[in-house]
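Okay, so chain A shows up in both of these, paired with chain B first and chain C after.
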Partner chain A sequence: MHEPRVSHIDDPGPLKAPAALQIGCLVLAVIGLLVFLVSAFTGTEESRQSAWAGYYVSVLYFFFLAMGAAVFLSFQYVTSAKWYVVLKRLPEAIASFSWKGGGFLVLLSILGISYLYTQWSTVNPASYYPYENTAKAVWLSPGIHVIKVIIYIVALMVATFFLIRASQDTNGDSATLRLKRMKAAIPFLAVFAFAFSLFAWDAIMSVEPKWFSTMFGVYCFSGALLSALALMMLISFWLQARTGGHVRKRHMYDLGTYVMAFATFMMYIGFSQFMLIWYANIPDETFWYMKRYEGGWGLWLVLLPVLKWVIPFFLLMPPPMRTNLVAQVIVCISILFGQLVDIYLLIMPAYYPEFVVPSLVHILTFLGVMGLFGWSTLSSLAARPLLPVGDPDLLSSVNGDYLHA
Partner chain B sequence: MAPIQVPAAMAFYDDADDLMYVTEKARVEKGYKDLDAYTPYPVHGLEDALGLKMSWVSTVARMGLVAGWGLGFLFQSWTSAIDWPVNIGGKPFVSWPAWIPITFETGVLLAGFCNLLALFVACGLYPRPKTVIVSKRVTNDRFTLVVPIRENQTEAEVVAFLREHKALKIKIIDGIDKERQRVIFRAPMEEEPVTA
Partner chain C sequence: MSIALEPEENKLLSSKIKMERVTEEVLAPMGRFPSLPWHIAFGLAQATALLLVLPVIYQLFFGLGIYGINNPVGWGLFIVNFVFWVGIGHAGTLISAILCLFRQNWRTSINRSAEAMTIFAVMTAGIFPLIHVGRTWVAYWLVPYPAERALWVNFRSPLLWDVFAVTTYFTISLLFWYQGLIPDWATARDRAKNRFFRSIYSVLSFGWTGSARDWNHYERAYRQFAFLATPLVLSVHSIVSFDFAVSLIPGWHTTIFPPYFVVGAIFSGFAMVVTLLVIMRKLYNLEHYITMKHLELMNKVILATSLIIGYAYASEFFIAWYSGHEYEQFQFLSRPFGHYAIPFWTMVICNLVVPQIFWSKKMRTCIPVMFVVSLLVNVGMWFERFNIFIISLHNDFLPSSWGLYIPTIWDISYTIGSFGFFFTLFLVFTRVFPTLAIAELKSTLPAPSTGPKIPEAAHHAHHDDDDGSARHHPDSNPKEAH
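Moving on to the complex of A and B:
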């Protein structure tokens, strides 16, 4: 049906989550992180190792969600898009985790260098990888690693902070605001491209220092963006019900199409990385996939493309399914679970040749980081109206003027 | 876009929203059928307002995609495993991951061709089709609604409905040639067409 034009949008008010929910999130965060800290700094070497590995998986998972949302937001500003304006509180809230906890948690992983990077010869002289006296050994040495990670993470946190600040700013007319946001979004993308790729190579890929893939940075990026889109898609159904019909069907349709498109992008990147290594068949490269294929890991490696591409792509292929609640819930949960499996597979097989079931400490750590993530998202949604009512482009987004411009 | 049905009444508007509004009224309230619209650019939501169903073009394209996948994959399997098997790096003859890119490409190729051909058939685009130029401004700044006048309706009834809904100009088309069009109403405020 032809949707009526609106000329005024009532302030739907901020999120009225019960304070108990936010406090519950914080309690969860405190419990989870305490459990992690206790098991990471006391107990046997094996339990410390396991605690750090599980911590790294959890932290990367939620940090990636935040960075993916920030990239989504910066895309819209760089292209001066207007369609997403009704939805923009969601990426803002998710991305705020990068400086409200997420970045600091990643920085905390520096303390676990000797558990996370066990294969570095500079950390463990008995490491089987003989790269002493090479530039790589210098680059992958604890002192330089700490400085690098601090630079990358602080750069990402600062760039995200300014991006979100510009995004929440409503002082000025459309042209002024567009310029302000461009000025935040373009540096963000430049910083992100370098800092995130380098972080992926130096801090994630290097848990297996012998292996190298130039696709790895963009592989992490595509996973981050896809999982953030899936989370936004899930929350947007709630936002649609909560804000009295201003989130129209076509907004949901466009976001749903985004999910499908970036599921395909993820598959494209993942397959490109896999196929070239498989085809060239060089032992220096194939061992990484073999490690993730043997010892009980193989089931999950095969399941990964199913969760992240086959289910989303074929379920969302008919256009009506992209706005269908049931279909999108299946797809988004499949993607979010697939992203967890993905990061688990990036990190865990580096320490455990045999498949390990997540332990209680892993699960509590994950819930703890999730609590902090939930708190930062809820507090961001509770701080300002759910629809950006002061934004000059809001009416254009709701009425769909951008379609005819 | 099927060939235009005659006789028909055409109403001209200068705004996409007006067109959308009157189209929906004509279809839902008056129950007019086989409506058609001409616009200078794709107007989002107009297909819903016109009550158009999903066209069959995408089904043909999808069949082309699957056929392209299958044929591309089978062709590579046949060349590498049956017609001229060559041992490459000790890999199996049917080493499917290497064929995914070409399978994808042949799928896209056949889907594209099927899409294009199905579009030609669906739109009746064959050499020298009979066309009606409803108005030259339709390619520039006019939005046109075409209401076929059917047996159970009179011309006066349809024209009255369109006048009631602020059409800028109403034309009746009796036949598929240019001579059998007549303007029967022109809104007094309408500016003359800009001529270069």
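Moving on to the complex of A and C:
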């Protein structure tokens, strides 16, 4: 089936979302964050601990989405790809959350150090560490930690900001723009590789300071990228309807293939990490998985590969399913839910040996961060045309010329 | 956007290629007596391959004692070479399978030779475990089958998984490669000058007629092979890395090993493809087909994978320090500052420093520079394996069981000899096989036009419909889109 070639694309205009939606998002954000702040700074130690843990899960979830979208964009720029151009407002909008709130919310978690890093922030490390008096005790100490997190997060925010700015720039012809974007994407990837991995090790893995895995940075990266792809795919159906058919079946197909590929990548990374630790059976490492397997957590641990790989991979395997709305929506929800379960499992079992059902505070906090995320995404989509009409590669992307070049 | 508007140096295929001459130019080396440079190269390769045969014969009489392997370092250069050669193979499968699924047209000129390289590299790799088992004549015990010995292989051992992984990889790569060859064998058959060659080629081409039905089956099977071969690119070296990473040895047991090994393999494999193609395009006058664009794209892959393994090295060192385990820390200090500091720094310079020259477009499009870099990358990757396998084993947990590993002359002999073996096979390939995928190559050329010159836009609109490269896409295949 051939879709007609187009030689001109009308400006579909920016997103005209009702003001109520944006205000609603902000109201949600304010309510959610107020509930969180009240429960994090008043009440018993247990309820404060619980509030901080839930907050950290929510913030990481949405911050990862933003970073995943930014990485997706930078991949396209580094490889001078053209197919995605018609979709590129979506990753731009999602990634903008990293400096429109997301990064600041992560920075706010510094205030909760004593609740998030219970094993090294307040108590004497010697009582927990088998490695007291080592440099690690200094590396994981509150003062140093604050400085590190500020450096990592600010670096990520700045790099994403310049990446998105280059992405939205349309001054110049194809070759100049390609060079401009390459020059933003390469430093972004360099900053991302180091800042994001170190953030993953120092601020996420260290909730269990005894445990260590070289793969952990890559694991967090693949989760971030996969969930961002799923979210993009979910929104792209709406974009398809909104922009008069310029988002072709081919784009949905390619995005579906992308999701399938990175679901497999996620599975590969997760399996490699698990299998090597399981097989070697060294108590210093296995305890981490045991904590996530016992006490009611096990069901979720087992569900993780199903949500993030089995459902996406097998549902999208037949080519027609890759452009099928129902199949795609199931896959996206499965991945996005799987990512939430994943981050919940990274953080929560560190504090609770028994499974905890998310409390009302957790849910409201999550909705609050989601509100801020929604506001940032909507406001970014409302600021410029939904299709990048000034982009010299847009026609190529719509017509599929890149297939023959 | 369009092929014709690109400047000459950005083109994938030179505009000097004439559709009607493609077959003739590609098949030319098969029909003529080999040139003098080929004879010299072949003679050298054969002589070098002898260095692989000699230690093996010597070993049959005197046992493994002739090699440098000792109690702490039982694996020696055998496994270094094994992993090195399996790694070389990865670029071929990546080019032939993954780039096919990604619709990367630049694979068409290089896939045949890259796949041939894969097959020869895996064959070379397979020799080393066979020597290393010592009693090579019972190497078939590696295969699980019910026998009167009532002795089964250990299915829990990654070494056995390796047997399965490598043999599967070899089988699939060989079939995939051979399938691509079938239409080209038929072309050779139809142009054969005498009956002898015609009968050989007609057997090799399985009675290919070139009918629409044949092509239909061919295309489907090709895609299915591409799907089958894609996971193999990742699985083989992941399982090779399991040989080390499932153990408790410091420096081996680290979770990043599987992807790190895969990327390292692609890195070295692409470097080997560059080495081979730079020579091959010169010897057989294929500069129009294997253009600077191909070489530049491969050099970009080398640069990207170099950065990724740099990330992996850095994370290993960081986590070794972070873990607080004194054995891990000792291991990672002994790499740069221990007995084997020279191999370590060779690796760092060749793998991380040298490829950075490819940031410059001038450098990555310069033949002598890329030739030297591709050789150095493979030196670096060989030493990477040396570092991982030898250094970790020679200093393990108990200082009383430490020991140095010094390769003997025989170890060095078979290491050099393996290159001779590999190049012998590759030189035979360049003589008797169609070295480029003729049919695929033609599909990426602009359609021939004998009539008046068609205006650019109309030409391309027409091009959309019959361009072979679009055939892998749902838009152009109604059966798959619905």
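As a working rule, the second predicted complex is superposed on the first by the 396 of 405 C-alpha atoms of A that agree within 3 Å, B and C clash if a C-alpha of one lies under 4 Å from a C-alpha of the other, contacts with A are read in each partner's own complex, and residues count from 1 in each chain.
Operating definition for what follows: a contact is a pair of C-beta atoms (placed from the backbone, for glycine too) under 8 Å apart; a residue touches a chain by one contact, two chains touch by 3 or more.
From a predicted model like this one, the values you see are computed outputs, not experimental measurements.
Peer 1: Does the chain A-based superposition show chain B and chain C clashing or fitting?
Peer 2: On the superposed model, which is not a single observed complex, chain B and chain C clash.
Peer 1: Classify the contacts of A:279 with the two partner chains as first (chain B alone), second (chain C alone), both, or neither.
Peer 2: both
Peer 1: Just chain B (first), just chain C (second), both, or neither: which does A:16 touch?
Peer 2: Neither partner.
Peer 1: Specify the partner with more touching residues on chain A, choosing between chain B and chain C.
Peer 2: Per-residue touch count on chain A favours C.
Peer 1: Tell me the contact category for A:403 with respect to chain B and chain C: first, second, both or neither.
Peer 2: Both partners.
Peer 1: Using the touch definition from the top, say if A:5 reaches chain B (first), chain C (second), both or neither.
Peer 2: both
Peer 1: Given the touch rule stated above, what does A:165 touch, chain B (first), chain C (second), both, or neither?
Peer 2: Touch status of A:165: no partner.
Peer 1: Name the contact category of A:250: first (chain B only), second (chain C only), both, or neither.
Peer 2: both
Peer 1: For the superposed three-chain model, which listed region of chain C (94-102, 346-354, 382-390 or 472-480) is the one that clashes with chain B?
Peer 2: 472-480
Peer 1: In the superposed arrangement, what residues of chain A touch both chain B and chain C?
Peer 2: In chain A, residues 1-3, 5, 250, 275, 279, 319, 400, 403-404 are touched by chain B and also by chain C.
Peer 1: Quick check: in the complex, which residue numbers of chain B touch chain A?
Peer 2: Touch list, chain B to chain A: 16-17, 20-21, 24, 41, 43-45, 48-49, 54, 89, 91, 97-98, 100-101.
Peer 1: Could you pull out which chain A residues touch chain B in their complex?
Peer 2: By the definition above, chain A touches chain B via 1-3, 5, 250, 271, 274-275, 278-279, 281, 319, 400, 403-404.
Peer 1: Touching chain C in the complex: which residues of chain A?
Peer 2: The touching residues are 1-3, 5, 129-131, 134-136, 139, 193, 197-198, 201, 212-218, 248-250, 253, 268-269, 272-273, 275-277, 279-280, 282, 284, 319-320, 323, 396, 400-401, 403-405.
Peer 1: Any idea which chain C residues touch chain A in the complex?
Peer 2: So the residues of chain C in touch with chain A come to 1-3, 6, 103, 105, 234, 238, 242, 245-248, 253-259, 311-312, 315-316, 318-319, 321-325, 460-461, 463-465, 467, 469-470, 473-476, 478, 480-482.
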